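Each chain carries a letter (A, B, C, D and E) given by its place in the written order, and its residues are counted from 1.
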Amino acid sequence: MIKFENVTKAYPDGTVAVDGLYLEAPTGKLTILVGPSGCGKTTSLRMINRLIEPTSGTIYLDDQPTSGMDAALLRRRIGYVIQHAGLFPHRTIVDNVATMPVLLGESRQKARMTALELMERVGLPANFAKRYPWQLSGGQQQRVGVARALASDPAFMLMDEPFSAVDPVVRAQLQDEFLRLQREIGKTIIMVTHDIDEALKLGDQVAVMRVGGKLAQMATPSELLTSPADAFVADFVGRDRGYRSLGFTNVAGTVAVSEEAVVQLGASAAEAQARASGAWVLVVDGGRKPLGWAQPELIGGELKREHLNLSGTSATSTGTMRQLLDAALSSPSRRGVVVNDSGELIGTVTASDIVKAIEAEPHLETAR
Amino acid sequence: MIKFENVTKAYPDGTVAVDGLYLEAPTGKLTILVGPSGCGKTTSLRMINRLIEPTSGTIYLDDQPTSGMDAALLRRRIGYVIQHAGLFPHRTIVDNVATMPVLLGESRQKARMTALELMERVGLPANFAKRYPWQLSGGQQQRVGVARALASDPAFMLMDEPFSAVDPVVRAQLQDEFLRLQREIGKTIIMVTHDIDEALKLGDQVAVMRVGGKLAQMATPSELLTSPADAFVADFVGRDRGYRSLGFTNVAGTVAVSEEAVVQLGASAAEAQARASGAWVLVVDGGRKPLGWAQPELIGGELKREHLNLSGTSATSTGTMRQLLDAALSSPSRRGVVVNDSGELIGTVTASDIVKAIEAEPHLETAR
Amino acid sequence: MNIEWLSRQFDNIVFLLGWHVLLAVTPLVLGLLIALPLGWWAHRSRRIYPLLVGIAGLLYTVPSLALFVLLPLVLGTKILDPLNIVGALTIYTVALLVRVVADALDSVPEDTVQAAKAMGYRAYQSLLKVELPVGVPVISAGLRVAAVSNVSLVSVAALLGIPQLGSLFTQGFQLRFFTPIIAGIILCVVLAMILDGLIILLNRWLTPWTPKVVAS
Amino acid sequence: GGDPMSSSNTQTAASSDSIIVGSADFPESQLIAKIYAEALKSKGVQVTEKPSIGSREVTIPALKDGSIDLMPEYGGALLQYLDSATKAVSSDDVAKELATKIPSGLTMLTASEAEDKDVLAVKKETADQHNLKSISDLQPVAKELVLGGPPEWKTRLNGVAGLKSVYGLEFKEFSALDAGGPLTLNALLSGQVQVADIFSTDPALAANNLVALEDDKNLFLSENIVPVINEKKSTATVKEVLNKVSAALTTEDLIEMNGRVAKFEDIGEIAKDWLKSKNLA
Amino acid sequence: MNYLFDPAHWTGADGIPNLIGEHLVYSLIALAIAAVIAVPLGIYIGVTGKGVFMIAGLANALRALPSVGLLILLVLLISPAFPSKMGYILPSLIVLVLLAVPPILTNTYAGIRAVDAAAVDAAKGMGFRTMKILTDVQLPCSLPLMLSGVRSALLQIISTATIAAYISLGGLGRLLIDGKAQNDYSQMVAGAVLVALLALFFDQLLAFITRRVVSPGLTRLTVKSAAAADTVKIPATV
């Protein structure tokens, strides 16, 4: 557990970066600090491992005040990942990852073994081991940064915008991998970002800070969406919060899935017409995996790939309401495709049914 | 109009960056080139003003092949905005903006006057005029870049990831300003981005390119969402395409708005209870602007600010289905707040009603 | 060129070359050793930096001959002592490298330094294991300049009668004889290029991690 | 502190079984030093050579601090170095005065008759044109002529000052060149200066058809060649060898040997040849 | 130091003002020649990227040339052909020019290279022609580095111009050479101090000029890039 108790940081030039912060990051959970640029996120994070010393107040690590500890020893207990990875340019990837174990006195050889395992864990091929940082893309460097912070198996991790240096696609990928990893390792993590999407996606709990270094709200992602503390938080969380909050509701049998008649590619127009309900028929492959929707009346001869409309997304029966609703809204037939975890068709649902299920569920109001 | 006719670019090292591209950017419209990194967007753009010469094929500017033109003169007809603004570090902001008019022979003084106007237009305060580029933030520099490209009032504009250097918040702001501006000035613009959100938000039409320099699809944003040409485009457009495509459907009277009883702050619990429909009552201010929802049963004494739930977004009656649905989904009462353009309450709608309206509308299928 | 004279003087030239190498390389090594802590100091303190760099700049403008003559006063050495040359060139080398070392340490990306600190490196560990190794390319670039100019400067000591390749210049001058002068110049340049090359190799060996780019 | 060029750094004596022979940074000094060295070697004395160590500002402190033990010197020049106000001119006066002025710890052996002194030289054409034979003859034309000499002449009695006070000569200009070296010769030959300080043993005098003007009022000191040695190294053998060399050496020998040096012959060979011819080795 | 305070030393052909004057004439002429050679060459290499390898090698080789040796060689080669002081002035100038070319050349080249590629691209995109890009963008932007090259070149020239005295020319080197010949130590110190002061003065002067002519938009960049570029000075060679 990491705890801030009335922590304030005023820089020598008078800027108050953090102002009377109380915050608790529970053990084994991922706590996210989010807020507009300059609100004191980085400052807060760096006070934990004492790269910055607080002006007043106390920070506790597992109930021990950090102020009395030897700074270097304290830091060795805490993994730290920074924005641009901050790799050592003069060391190979494997040696970068092995840094902490070696510093802690492990033999170089053993440390390298650990490092190689960790590299695999964060999705870096083993043949990267002997490369140098400049030979890696931004996203790959980020992974090395994460692996390096994990190498000493620290109980705590601090991450400062760890995925910001990469483009949106790679970023989403890194986030997914990281979530999977955290599920395995369950560290006590504080992560900084200024991207609310990232915060909502990753955080067990999210602390929203406002400029001036004050905490605006501390809540779980879904609480943040359904009960923003004030207009600043509501605004910061964004316009789509209704839709987004659906991302925290599981489908789990709340919506009845109807059977859907299907055809396969190569079917005749007549066959398709016969199976169609309304203007559209669902096309699946041999393994009952949905391929797309087709309009039988437009098929001349047999059903081919070019007849498919691909706009529909699909939802899994174990997924979220958000996916389900999108499947329905995006489907040209207005019937959303539901598949099981292996991607095989279960059936379809309509947006109306989904909305009914949503409306039936009480709004989650948190006591404040 | 800018037209690509079978344009191919192979770099000396053999990389084919653009492959047989046909593309037409209509006069007065904003055409967006989007695609994964390395798909040849920048190359295509730079072939238009001949910073790169095509290997084969012809590019037309208002039906005249560019190949026969004097390159420098051609470029002076086309505004060009590049990723990191590319400002002249040794010139003040106003002189940066005045560059083109001066180059075209205008007097320095007159050019500066124009420049000052343009700065205002892109939202730069006049006291920035005498500053140098390094004294501006990334987002401000971007604006200067846009102003500079506009200064000679060119009929054509090329923009290469003009908003990529700034954080998401400022970026959204720049995009909004830019949209407003383009509505005023109606230039023929080709803009490059690799952000599909930006493309969908800004483009009159969007050209999706795939790696290898081929055009995957050219369509309006809503077509792209509802009829992606193939799995690559569907994937690139993203998971939320059902919900997003609602952003292109106007509310415009399709959904019936019900009256909603309201209370004001300071009302008694009893009064609130009386007006409430279900567990929630809508609270407005003196000008009938919605403030939030409250649960009368939780009010002890009179209705105060702290009783408000702020999670609900609001939609305008002239807005999009996306806003409307989100208003309903995010509302704790499950009734979405609809306001007029001045923010005054019109009434509420339920998600069910909205979905019914959506389902009633035929899916937009484009002929291919 | 009088080849016959050259072959006759071969032993002598080798002897002079040996001294030249010694007089040029010793100050280089000493200078580097002294400049490292000074440069680190300048890097650490923004107040010291202009002071040290300013003093260094001033030292350059003192003509080397004057410095050669001045040094016995300070060092208490004999006037013919090669130590004077070593001392003077060490001063020049230090003056040149203080700034280079400071700039080299400055050139280490802030992220890297912060990462080291955050991982629990103590200040000296960070300096020795991270900052200095990463600063090697900049230091070696400065070292190259120092090496090359030292070779050229040593020859000035000929005017003081300290044997090295510069002796060939005075000798040739007295006799109006081109062979020793040209031989001396060529040997100086070749020696400088060899030292330069050695530093490049050393740099490569120490920095296998840098992208291979055109050196300039 | 103080002035390192007049420093009297006390110096631990070098090992007494070996003698370090130094020389100034011009060929003649190196040649004579070589002769000393070869002669000593042939008598079994251990010799280390440190040739070409520079001008007197360096060599005298070097002698004093023990960096070197033995140097060929020129009587007049050395005396002037030690006492810039000296009035001595003749060989005897110079020798006598030197003996009293020589720094403690150093001693002079017998001076040779061979001499290499400053002469004012002019080109043959100049001499013919103005009918010049002696320095006094310069009197009527000095104002049109440029004098070239070593930088120290600017202030020295036996330079510009003496030429004025003794001969009443005021030249158009004085150009600071080098001590009878290539600069001076070049300047004289190319016409930058018309009168120049050249050394009497310089073969260039003859080779370039220069006229050495007679020092009719004895301005320039006699410059007999004399070994200067560290007292501690001045053993009987050493003294005997060097005195024999000094006795055998003549001005003509010097001119002839300098001629060979100018043809880039090896100084060692020249020295050995001379010693052989005088039966000294 | 006494030497400096003797009024006798401040007048006449050998007076200190005269010596300073001569010193400056040699220095400035050499600098001008070096600039005329190095600036266009540096621009050419910087703009075209041609001969980058050559420049690195050449600059280093020039640095390695021992100026004393070179001066002697050139005097012996050149002076017989000139019946005047030219025979000495020319070799001195050549040596000084060779000394000054590398810093100006490498800095000009590096300055041009360091110009923000995006700015050049933008200029091209706006329809600037090649010459206009050079004069309006590349040159002004590379000015700080170029001037810092000129600055270190001038420093080197000033302190090395003392060697002209070795071959009988004037300048402050006379005090060093004459002081040595006349066994006058205070004269040598005076020479050394004057040379240092002169260099210091010009260093400040050029710093001042730099501040005046370089756009304030670039000055913030200068601090770092000037340090990063190869502007290291080389001590004088006499």
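Criterion: a contact is a pair of C-beta atoms (placed from the backbone, for glycine too) under 8 Å apart; a residue touches a chain by one contact, two chains touch by 3 or more.
Fair warning: this is a prediction, and the values are worked out from it, not measured in the lab.
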Labels of chains that are neighbours to chain B and to chain D: E
Mutual neighbours - chains that touch chain B and chain C alike: A, E
Label of the chain whose CA centroid is most distant from the centroid of chain B: D
Between chain A and its twin chain B, rotation from the CA superposition, multiple of 5 degrees: 180
Inter-centroid spacing, chain B versus chain A (mean Cα positions, whole Å): 25
Inter-centroid spacing, chain E versus chain C (mean Cα positions, whole Å): 21
Distance from chain D to chain A - Cα centre to Cα centre, in angstrom: 92
Centre distance in Å when chain A and chain C are each reduced to the mean of their C-alpha atoms: 54
Touching two or more other chains - residues of chain C: 69-70, 159, 170, 173, 176
Chain D residues counted as touching two or more neighbouring chains: 4-5, 182
Multi-chain contact residues (two or more partners), chain A: none
Interchain contacts (touch definition) - all pairs: A-B, A-C, B-E, C-D, C-E, D-E
Of chain C, residues touching chain E in the complex: 57-67, 69-70, 92, 95-96, 99-100, 103, 106-107, 141-142, 144-146, 148-149, 151-153, 155-156, 158-159, 165-166, 168-170, 172-173, 176, 178, 181-182, 184-185, 188-189, 192-193, 196, 214-216
Chain D residues touching chain E - in the complex, by the definition given at the top: 3-6, 55-57, 81, 84, 150-152, 154-156, 173, 175-179, 182-183, 186-187, 189-192
Residues of chain E defined as touching chain B within the complex: 116, 118-119, 121-129, 132, 137, 140-141, 143, 214-218, 220-221
Complex contact set, residues of chain C against chain D: 2, 5, 8, 69-70, 72-73, 76, 78-81, 159-163, 167, 170-171, 173-177, 179
Footprint of chain D on chain E - complex, ascending: 13-14, 75-76, 79-80, 82-85, 87, 167-168, 174, 177-178, 180-183, 185
